[in-house]
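Each of the two complexes below includes chain A, the first together with chain B, the second together with chain C.
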Partner chain A sequence: MTPEIRAIFQIAGIGFLVAILHTILKQSGKEEFANWTTFVGFVAVFVIVIGYVDHLYSEIQRVFLQM
Partner chain B sequence: MIKLIGCALIVVATSAIGFRVARVYRERPRELLLLIEALRLLRAEIEYTATPLPQALKNVGARMHSPVNIVFNTTADELSGADVTVGEALAAGVRACRQKAHLTDADFTALAVFGRTLGTSDLLHQSQQFEATLAQLESAQKGAAEDRRRYERMWQYIGVLAGLFIVILLY
Partner chain C sequence: MHILQLVGIGLTATVLVSVLRPHAPQFAMMVGLLAGIVLLVAVVQNMHSVIKTLTDLSAAANVNQGFMATVLRIIGIAYIVEFAAQVARDAKEGALAGKIELAGKVGIVILALPIITGVIDSLVRMLP
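And then the complex of A and B:
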């Protein structure tokens, strides 16, 4: 499994878990906690994605802006 | 292989934490019911058979299940020893029970407040005190049952899902 495919599965898994957690917390009447878990999931996904975005930008720089 | 074992360990650990928290919600209504039943027994001992208090407490303790019997047995033991008031003895009983039981501080406070009135007035006022404490514990029991319905399953899910979350993040 290449790192990219792994990241996609990772993000999908996090999304899945956060969706379930959100529903359960909301059902038990803890709406603020539900929102916080969504936020934490978002940050986790962001941390994973940001490495790839960084890679993408440096690649663009290397291809198009090479001095 | 080692990675998989580690993942399993993380999930098992967080699930155990979740189930442990859920257990508090499961046990509290049951223990409150036991406590109410015990107070009813004690009331019958005092009002109907007029048993002396140490013996009455011992009888109730013998007929109750753990952890509520600890309160009554310890209180009876304390009373048979040095000269202490009933309130102090019951406070000692509550302290002895506190680690074993899943009741909250409010429940124990109700019991301790009741203990301070035990044996300080006549039958009529004692009876009123029983009524008040029983009503308080019953409303606490209703609240605990409601909490159980809402939060027991939630904490179990949170335990398992938090483990899976950590595993996915670190895998």
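And then the complex of A and C:
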């Protein structure tokens, strides 16, 4: 299992977790907390993905801008 | 990476995205984006050897190396713009995807200008 595949499953897991938390918090009347949970989860996922976007850019620069 | 591995990543990501989409669309988008990045990185790494062979061939055929570098840059722009536009279209942002593609087209035209002027120059020199 390479780190990239692990990251895909990680993000999907965070997504499921946040969706469940959102539903539970909403059911118990804590709308504010539910929204904040979604936001924090999204930021965490964004940080993971940004690292891979950087990797993609450096890889493309290495291959296509070699001269 | 092995082709079966790449196809497996694509199928797994597709399943995850389609399960995730109704409950958390933004996370589904992120999973799709990351899977696309993984696949594109693998493809670009495989392409490295092809591009190396092409540049070696063009050097052997005495093609202007500047032109070859320009062509490679244009291919790179095409790949990355296509990728970004598809991600934007996947997130139902068709207008943004169109703008990204427009930016890519303008960038390609700017890079291609020296080649166009080179063609016109040699044409003018051929004319009596």
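As a working rule, the second predicted complex is superposed on the first by the 66 of 67 C-alpha atoms of A that agree within 3 Å, B and C clash if a C-alpha of one lies under 4 Å from a C-alpha of the other, contacts with A are read in each partner's own complex, and residues count from 1 in each chain.
FYI, a contact is a pair of C-beta atoms (placed from the backbone, for glycine too) under 8 Å apart; a residue touches a chain by one contact, two chains touch by 3 or more.
Small disclaimer: the values here were computed from a predicted structure and weren't measured.
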item	value
Clash-or-fit label for the pair chain B, chain C on chain A	fit
Angle, in degrees and to the nearest 10, that opens at chain A between the C-alpha centres of chain B and chain C	170
First (chain B), second (chain C), both or neither touched by A:28	first
Partner chain(s) touched by A:14 [first = chain B, second = chain C, both, neither]	both
Chain touching more of chain A, residue-wise (chain B, chain C)	C
Partner chain(s) touched by A:45 [first = chain B, second = chain C, both, neither]	second
Which of chain B and chain C A:64 touches, first, second, both or neither	second
Per-pair minimum CA distance [chain C against chain B, superposed on A] in Å	15
Chain B and chain C contact sites that coincide on chain A, given as residue numbers	14
Of chain B, residues touching chain A in the complex	150-151, 153-154, 157-158, 161, 164-165, 168-169, 171
Residues on chain A engaged by chain C in the complex (per definition of touch)	4-5, 7-9, 11-12, 14-16, 18-19, 22, 38, 41-42, 45-46, 48-49, 52-53, 55-57, 59-61, 63-67
Residues of chain A that touch chain B when the two form their complex	6, 10, 13-14, 17, 20-21, 24-25, 27-30, 44
Chain A-facing residues of chain C, complex	9, 12-13, 16, 20, 23-24, 26-28, 30-31, 33-35, 37-38, 40-41, 44-45, 47-48, 51, 55, 65, 68-69, 72-73, 75-76, 79-80
